[in-house]
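Across the two complexes that follow, subunit A remains constant while its partner is subunit B and subsequently subunit C.
And then the complex of A and B:
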């Protein structure tokens, strides 16, 4: 029984020799994504960084509290008081850091869906479809994100009429749509690049097995592309998340807008730096593990040349 | 006059493109475009210098230097650029001017936009340059050694030219991204294209037309850069090296 489960071991026993032979090797079992995330969080370096930031934070705060005389609440107290607001948003509406994450999820989902079709359109056999897909991709890839946000926030209607009822379109929904367009264009390029990087033999063997073009794309080409597309796709997710605070410029109550409101309400210059660093650390804690995971996947899936 | 045709367009068709027939609007719009180009150029140069310095310090003998450079790169890559620019313009400026006893801030919004965007793009450049230098095959350097090149000559004639060609596509992508990111300077009131367009459409109430003009302007600016960089990439490509 033991032998059938681990055949390479018995094979190794059979080839006991002092001649220089190539030994069979065992691949490390793939870890689930959740476990890899835990791995990163338990890295010594990562924890040390966190600890250093925390220590610097506390010492700076103590110094500031001393210099300001101690009559007012310390910067740390002030910031902790406002943290729930900036994280969860005002009660009863969507906002704060959670809105940033929500917008990033939805824009990524919409952008990936549209980008997949656009990417397949870029390799279409029909000339006009191919050219139109290319043009749309290039336009949205080369436009600044903020310009697209302005364009769709100001030109989309602020309310829509469905079946005689008027519904207000919330600002964050329009912002999500606007942010999903550059994601769409970049996903389209990722899909096109991944398909182009597959050996032509895959297409030819599918053809020789009498697969139609549609069958070839959906059941042979795209499944093989997933591996190659995953790292750049995750990279774009990070970039998108880092762009979500832009929606605060257009008046959406995300964490950046709320942070500015807090600063205006407090009107104290000594909380500026800690508060900005506090907000940045949330984005960092969210994005850094994803970036590390992306690099690992990149190394694991690296195409040997 | 061509300008008069646009006045006719506004009066009869209602397409109000003031930047073409109104001298004042035209003046500030093109000043905005010039500011965007100026800002982009300075940031591109500074970010490349920061990238070279960062890539060089990453190979330092001292662990602490390597750690600091890594911290800089990861910080700027994993925090939102908008928050960075606010941080520099509002928080760092206030802190420094307090500390140095200067009232009214030490740099204007333009200066802080240059610093913040250069550091942002420089973090990406440092990684790109490092990867480029690492991508030069060991065997190529060994062959240069066997031909009697000194270390400095190897660096000058073998490593750098190859590394440059390897990292050019990634560098171009990042620089194009930097030009697109200059719009973020809008948030701290740098009078670049987006900002002046906003002023014009608030004054003249021609939001739709101005929006299209602004979008087209950015597409032309970025498109020109993409085209030039792509040509350059093609012309210095190493045959048989890297992807097709």
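And then the complex of A and C:
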């Protein structure tokens, strides 16, 4: 066995050890967020991706324009004409890509708030609270998002009565709530995991200084967890944003639903691919910088701890 | 009720036949000791003999199976014990310092008096600065634990504990994680503290220090106190063969 090793393998065997090894590392100085965003945009990899998307689209458009003989507006013109609608939604209504972003913000805010409490519930000293929190977390963590969406669209009332007045519950509000539940469950796990990852010495020293459990959690444990929770939390925000087009299935006028409407109205199969590529690029442009920032934060915090 | 009856001529910490097990493994097999106010006690013994467990029981970080621990006459082994009240009286310093890394040295010292004792911020700040000066860390008020050496962190931890004005201080192998050259600065701090009349219970491996500072040395082995006595007699004429064997290995 020993002598059949290829050179790189034997090199690995030489350098790999179970013992802790100190590797040379220099911590990059911290940069302001704005500068980091600029860095991301100036990254060659990022620009190449964007360029690829644009090139694909334009080449498809050029091919189609040739085949149609100039009798109809080109795909590019058609798409640009519909872009304001898909981005801002129908006038006087919340919709379009902005609705996707709005839903992602609100679902994240609700999910984070509920998830924080649920996560703290998971480490409760009161057995029933701990078990119930665990159960709720597991249920919503392991359910398909689309099933949850349908479930809550049908379960929540069509309208509510407050002080004798009837208010219609908009579909997007129900969808937001439904989407916030899986976020809640995953944030709950993030919180639980971050708390568990802190050295027990922190709890003990707080205890020996006569801090109550609640004081310990809120002023000593959670503030230290924020750093650890931020990267996975941002990661879930990206996943949530990518999932918001699911709400189009339930009749909410988000960018996906409007894109489908445009396809139906135009009845031109050749704009299918560029139109969806165009929509994809918005999500990409929105999420990719967040993903890169997340990776950077992860790397930075991993070294510091 | 018993707390009211306690007077300063009675032991401030009193242990009677304390038993503690982790599952089937019995760590403490009947420990008894009395510590008077202002006394300095060093507990020595081989590792695994239950020294740390013993002092962690005194501020109820560990619970015990049977026996009695009284601090200022208040029973610690009582399910209705007000743990927070007990811990206001008993300060503890750990081997791993356990400072709060997201707070500066000064904030570490100020936190408990403000949040737990609800003392006014300005007053606490003044006292915290004084305490940091006392542990010779003037000028390090705004440093974060990560920016301090082990010895400096440990002295912040001592100041943090003192800020609660405890009656008794527990030191759990506080120099075991330190470089040899920084051990001295921490020991000096403890020595000053003892000279000021603070009741101290130390678990330590620093024999020379124990000899110099302690009123009484307790030697524990396998969960029992093998022997105890004033340092001079203890180190010069240990009676028990186990003590003698331990001392011969370590000295």
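Note that the second predicted complex is superposed on the first by the 270 of 305 C-alpha atoms of A that agree within 3 Å, B and C clash if a C-alpha of one lies under 4 Å from a C-alpha of the other, contacts with A are read in each partner's own complex, and residues count from 1 in each chain.
Assume a contact is a pair of C-beta atoms (placed from the backbone, for glycine too) under 8 Å apart; a residue touches a chain by one contact, two chains touch by 3 or more.
These numbers were taken from a predicted model, which means no experiment stands behind them.
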Are subunit B and subunit C a fit on subunit A, or do they clash, once the structures share the same frame? fit
In the three-chain superposition, say which chain, subunit B or subunit C, touches more residues of subunit A. B
Per the contact definition in the header, classify A:92: touching subunit B only (first), subunit C only (second), both, or neither. neither
Now for A:127: first (subunit B), second (subunit C), both, or neither, which partner does it touch? neither
A:147 in the overlay: touching subunit B, subunit C, both, or neither? Say first, second, both or neither. first
In the overlaid three-chain picture, which partner chain does A:205 touch, first (subunit B) or second (subunit C), both, or neither? second
Please indicate which partner A:157 is in contact with in the superposed arrangement: first for subunit B, second for subunit C, both, or neither. neither
On the overlay, how many Å separate the closest CA atoms of subunit B and subunit C? 21
Give me the intersection of subunit A's contacts with subunit B and its contacts with subunit C, in residue numbers. none
Contacting residues of subunit A [partner subunit C, same complex]: 199, 201-202, 204-212, 215, 219-220, 223-224
Residue set of subunit B touching subunit A in the complex reads 71, 74-75, 77-84, 86-87, 90-92, 94-95, 98, 176, 180-184, 186-187, 194, 198, 207-208, 211, 214-215, 218-219, 222-223, 226, 243
Can you tell me which positions in subunit A touch subunit B when the two form their complex? 49, 138-139, 142-147, 150-151, 154-155, 197, 238, 241-246, 248-249, 256, 260, 263, 269, 272-273, 276-277, 279-280, 283-284, 287-288, 291
Counting only contacts in the complex, subunit C reaches subunit A at residues 59, 61, 83-85, 87-88, 90-92, 94, 96, 98-102, 111-112, 115-116, 157, 160-161, 164
